[in-house]
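What follows are several structures.
Paired with chain B in one complex and with chain C in the other, chain A is shared by the two complexes that follow.
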Partner chain A sequence: MPLDKTAQRDVPAISLRHVSKLFGGVHALDDVSFEVLPGEVHCLAGENGCGKSTLIKIITGVYTPEAGVEMAFAGQSVTSVTPNVARQNGIAVIWQDLALFPEMSVAENIAFETLLGNLPRLVSYRRLRARSAAILEMLGEDIDLDARLNTLPIAQRQIVAIARALISDAKLIFMDEPTASLTQSETDSLLGVVRKLAARGVAVVFVSHRLAEVLDIADRVTVLRDGKLVGIFEAEGMTQSRLTELMTGKTFGAEVAARDMTGAPAVLEVEGLSRHGEFEDVSLTVREGEVVGLTGLIGAGRSELGHALFGMTRPDAGTIRLSGRELHLRSNRDAVAEGIAYVSEDRLALGLVQPQAIADNIVLPILPRISRRTGLISPTEKAGRVEHWLRELSIKIGQPSDPVSTLSGGNQQRVVLAKWLATNPRVLILDSPTVGVDVGARAGIFRIIRDLAEKGLAILMISDEVPEVYFNADRVLHMAGGRIRGEYDPRKVTLKELEAAVYG
Partner chain B sequence: MVKAFLRDYPTEARLLLVVLAIVLFLSLASDSFLTLVNFTSLLNNTAVNLIWAVGLLVVLIAGGIDISFAVAASVVQYVAVYVFEAMGGGNWAIGFIVAGALGIALGFVNATLIHHFRIITIVVTIATFNAFFGLLMFFTSGRFLYNLPDWWVDRIIIFERQTADGTWAELTLPVAVMAVCLGATWLLINRTTLGRQLFAFGDNPEGARRLGINIALMQFLAFGWMGMMAGIGGLMQVNIVQEVVPNALIGRELDVLAAVVLGGARLGGGRGSVLGCVLGVMIVALTQNGLNLMGVSPFAFKMVVGAIILIAISASNLSFARRVRPPVGGWK
Partner chain C sequence: MSRLVKRLRATYGDDVLGLVAFLLLVVIGFSLATPRFLSAANFDSMAFQLPVLGLLTLAMLAPIISGGLNLAIIFTANISGLTLAAILNYYGGVDAPFWAFVLGAGAALLVGAFFGFLMGAVIAYVGAHPILVSLAMMIFLRGLGEFLTRGGDISGFPDYLKPIGHGFILGVPVPLIIFAVVAFAMHVLLSHTRHGFSVYMIGSNIDATRYSGVHTQRTLTLIYTISGLLCAIAGILMLTRFNSVRVGHGEALLLVTVLACFLGGVDPFGGFGRVVPVVLALVILQVLSSGLNLLGANQHLSTAVWGLFLIAVMVLRFVVGRVRERFEKRRN
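On to the complex of A and B.
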């Protein structure tokens, strides 16, 4: 690795001053400064739309900033940046969608750079493999070089993406939400790799919605809000709630919202539910108006349990009762008819038809209910339902006919909720309701969940973020290895104790 | 070695088994199947389809599709006749250059429309399929051409052997040309940097763009290669049938497409191999050959071939589904 370990640590790997960018007269960035030191792990924090990605795209030469900007790479001032200039200066981006080649081998994915060029050359697979192997060895990762990429888990693909960045002698690596789809242990090992890079003098800019992780790994945090620089802060001594305030400009009370619901009638009762290889002997109760949090690491069987409760898979043993009546769900259509709704984790792909209108998405599960006797859909009935739910969940949209893909993550989440609430459910299963949602928008989602509970809905909230269930559920169930390991009352345990139980 | 082959080429391995099964069945069912004469004629008859198949393979790998190549080959044949006439007859060297160049030019028409006007490949090639064929029929009025240069229609035998019963087993020039085309395509897609870029582009176009792969070059390379193969295939077809007929090749594009997809090339890009092409074409050809030898009505051929393609593709899809079933404990 031709990394210069003696690089002077006080000359910034990159520094920008007076960065502005206008899109149609609107300031996406307004006089922002940004600086990263070699070997530093720097976090770029802010809500969606705050200008983070615009800033990254300016640094990597995708966008041209407005005049008046001062930029320097490793102390050398530059006038304009193109993607090529950025690459030559050792700036690499690991995009959220990875930009890898799933059908190609690990070695080719890592060292594809050696295959570039407009003139045909013969490929030296020996050289390709040797270079890839050297990088992986440096990272201390053992991945089969000949394996096709799409046979690897996401966590290893991240490593491949990092290795690719390193092979082009990257001095500054941007990581956009690298841990969004990783389990806790995978995240830990990724953070380990990031530390290794930093120790070698590579600067890493980390973008993540998971603030705990940000504070854990970063040396400094640059906070952006509405295109403006809020400030650059040392990570040490920073707390999650302080960071949230800086990002949103609002204060959020982190108070336990749990209530005692033991008096309410049980709606969903699960007893001894098992499905081979997924979950074992699960018993739980969700009462009317109660929010039950179900937490545990990824792979604990939480989502699988959710699928079974929604009729998508059949349990091998055990019973599911709804208000005392035993259910035999043959499909999720049965579950919807019985009044069970399930909001999936992967909203973007599974929960919404992205290119379709917001209105069409909302009425999708209730098409038979808004049809006339002729089988045709009643436009007035449809418009009425859509309007009702948009108002109820205060979803900010342009037109109901706009495609869902035009909405922010938080609003998309609300549209998914609206879609399922339109089925008039009695039990709502929420799988990771805040994945990919801003801190500010999260509070709004939880407020809605709370309101729904107040109206008598029985809610099972699945999440791998322990604080989320701790602060927002009435009771917390901990799942591990397919079994319920414990039940906690947030009013009687501290967050630390609960986290220790789950992550411990 | 075998293990690596099974891992990296699961579709091809399965097709190989299917081919062996068909061969085994037919050699038991028909006396005349497992003979040198039958095999050489099988090769002579599939040479043109194989040349087109590897051309189409390159387009499919790059994430495109082309259904205009068979009529493009007809256009090349007609134009070549006039070019040879103008050049005072021509010879094989000129023939390959002219047919290849004309084919590349027609391929570039597709590539230009796709790249510069950002139209998806299936729409473009449906349009050029109609345009090429319409222009050809209009200008030729559907006329056949028989008066062709001697070098073009003379049979050139590259291998011959008399069998015990006195018949001759022979391989003709198209088989040799086919072998060269297969080798060249294999070299291009597996051993050259541009070939690997084609895979990357077909696999993840956005990722390829971000990495700095020249997208225009990829489209022109893929469709140019397809065009060259279309032209060379057209040249060989005339050598076999000794005539130029404007509507002789129309419809062949779907047979070739089916065979290439059967051979594991993915519609959508990023996957496919020369071996798969050969196996895909062979399965179709062997089936037809077998039905022929067993005295089945030629009217039933299409039906049986359709069924074979469906069965083979569903079989490979089923096992694909098994391979990607979520692991216990869900996706990571």
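On to the complex of A and C.
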């Protein structure tokens, strides 16, 4: 990799001072400073809407900052940045969706910029493969160059995206939530790659909601809140709870919320449930008002179990009982009718109809209930329900007719909860309820979940983040290889012990 | 004035107002160019021509909102018309009794709905792409129709059918009344019923809609069935208008219906689109075509103008969007 070995470590790869950006009179960024040293792993932390993406978009030339800004790439001051200037200065961004070409091969994806040109010319596939192979080797990754991208797991696509940034001599790589959809071991290996990049003098700016890995990988952390710089901190000696406080400006007590619910009547009883290749002989009980945590690595069969309980797939064996009555779910419509609600882990594709209105999303599962006998939807009934749930879950929106996609992750998740609570369920299955939700907003989601449990709802909370279930569930089930491996009482084990059991 | 504009915008939306403005522009333009444009005869001729294209466009609109397409609309209409024609002929052709028409029309509606149902079921339950399924259906129906008619016309229908295609009720052409009733029904169906609501949601994200407990397969099947039914109504109207049925009649209208939908602001990828702006778009297309005709232009030229017009509208929408963005930025 052609890298400027003479680059001095104390000249920042990028430095910005007095960055401000106004959107409609609101300060998205207010006099923020930011710098990254070569070879540094820097974390950009803050809640959604704190200005992280605005900052990245200014650095990459997508947005123009307000006057008064001072910017320098590798010590060279620049007056204005366009996407081209940013690219020439070795700035690359790997967005969460990766922006790769799913139908093309790995080699083509990595070297696609060398394929671009204004004039038709022949492409040397031999050279293209050779260059791609060299980059992957440097990263210590063994990926088939001819494999079509959409046949690869997300973790390997991440590597391809990194390789693509490197082939155009990136000196500073922004990574937006790179681990959001990775398992623990995949995350570890990605962090290994990031360390390799840093050792070669490439600066990496990490944007992640997962504070544990932020503190694990970063040298320094820049914290933004409401468009203002809170500070730049050394990662060494920083704790998760301190970082959360800095990001949100609030203090959160991390206390085990578990209660003893053994006296409550059972609502959902699953016995010997199996589905070939997905899960085996699963038995569990969720009682009235109880929050049962179900944790395990991705691929443990957790979400598959959730799908079967919601009637999306049919189990091969075993029984599902609701308040003692056996259910035969032929589809998720049966499940909804029985009072089972399922919050999908994939909010973008399955949880919400993103381009459509907030109000329409909330009433989607309860269309029969807001319709007159003629099949006509009652506008007053609809508006009433929407208003009720927006207030109940304190969802902050502009207009109920705005598309859901305009909301932050946390508010979107509240809309998902609202739409399922509107069905008046008895069992709520939550699959990774805080994916893509800010740290501050997570506390709000968990508060809602606890409130719902207090009101008697039986809740099965699926999550691959052990602390989430440890602190918020009454009991924790550990799933691995499609089977329930153990049951833990958060009041009787420490978080370390539980993490060792799950990740070990 | 500005308050009035604001209220109109809030009630009808920018898309409708833009189209109304455009319609006025075109009407004023043609009125100045030729005195015959504002004549009763011209209005009647437009009112008789619009409904067939209009019904077919509504048959195209619903599948597009659901994220699909129905390429078989013309031949579904032809086959339905053929069904009616065959039954009328069987009961005596020109001398067929009125009950034969009722029977034939009922059979035609059933046939149209059936082929729509078939398409919808394959799309919904097999998961095949709507373009492929409806294309296959289109080829099948054309082949079937040409086989049955040996490529010829069927004509010679009773006189009492004339008023349906050519008559007036209270001074309004009958075809226009039929179209208005159907358009109103489709508006209610799409904008105010559970079924319509689900169609929009399916058009934007069928998986998320299914996860929300909506019977997406049944909804899709139903929307194509309704599309087929609308084709049948168009087919019956075509029979009464032209006093003959031929497979391939109206073939050129297929892409015009798509054009009218997009001109009416329907999202080609599904999820968005309303009946009212689409009807306005249809009126604009009809005015353009009739106006050019009056000016002595060739009919092929008016087709060319339609195409140009759609391109112009797309560019205009882009420009308006940009200007508004700037304007809002400056205001802030």
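Basically, the second predicted complex is superposed on the first by the 501 of 504 C-alpha atoms of A that agree within 3 Å, B and C clash if a C-alpha of one lies under 4 Å from a C-alpha of the other, contacts with A are read in each partner's own complex, and residues count from 1 in each chain.
The definition used in the following text is that a contact is a pair of C-beta atoms (placed from the backbone, for glycine too) under 8 Å apart; a residue touches a chain by one contact, two chains touch by 3 or more.
All values reported here derive from a predicted model rather than from experimental measurement.
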Chain C versus chain B on the shared chain A, clash or fit after superposition: clash
First, second, both or neither for A:G375, with chain B first and chain C second: second
Which superposed partner A:E278 touches (first chain B, second chain C, both, neither): first
Touched partner set for A:V493, first chain B, second chain C, both or neither: neither
First, second, both or neither for A:A383, with chain B first and chain C second: neither
Which superposed partner A:V336 touches (first chain B, second chain C, both, neither): second
Touched partner set for A:N84, first chain B, second chain C, both or neither: first
Partner chain in contact with A:V256 - chain B first, chain C second, else both or neither: neither
Which partner reaches more residues of chain A (counting touched residues only), chain B or chain C: B
Which superposed partner A:F101 touches (first chain B, second chain C, both, neither): first
Steric overlap of chain B with chain C in the superposed model, located at which of 77-85, 131-139 or 167-175: 131-139
Interface residues, chain A side, partner chain C - complex: 22-25, 312, 332-333, 335-336, 342, 344, 349-356, 360, 364-365, 367-368, 371, 375-377, 419, 423
Chain A contact footprint on chain C (complex, rising order): 188, 192-195, 197-198, 200-201, 204-205, 207-215, 271-272, 328, 332
Residues of chain B touching chain A in the complex: 4, 8, 188, 190-197, 199-200, 203-204, 206-208, 210-214, 217, 266, 270-271, 328-332
Contact set on chain A toward chain B in their complex: 83-84, 87, 95, 97-104, 108, 112-113, 115-118, 120-123, 146, 148, 153-155, 182-183, 186, 277-278, 298-299, 301, 303-304, 482
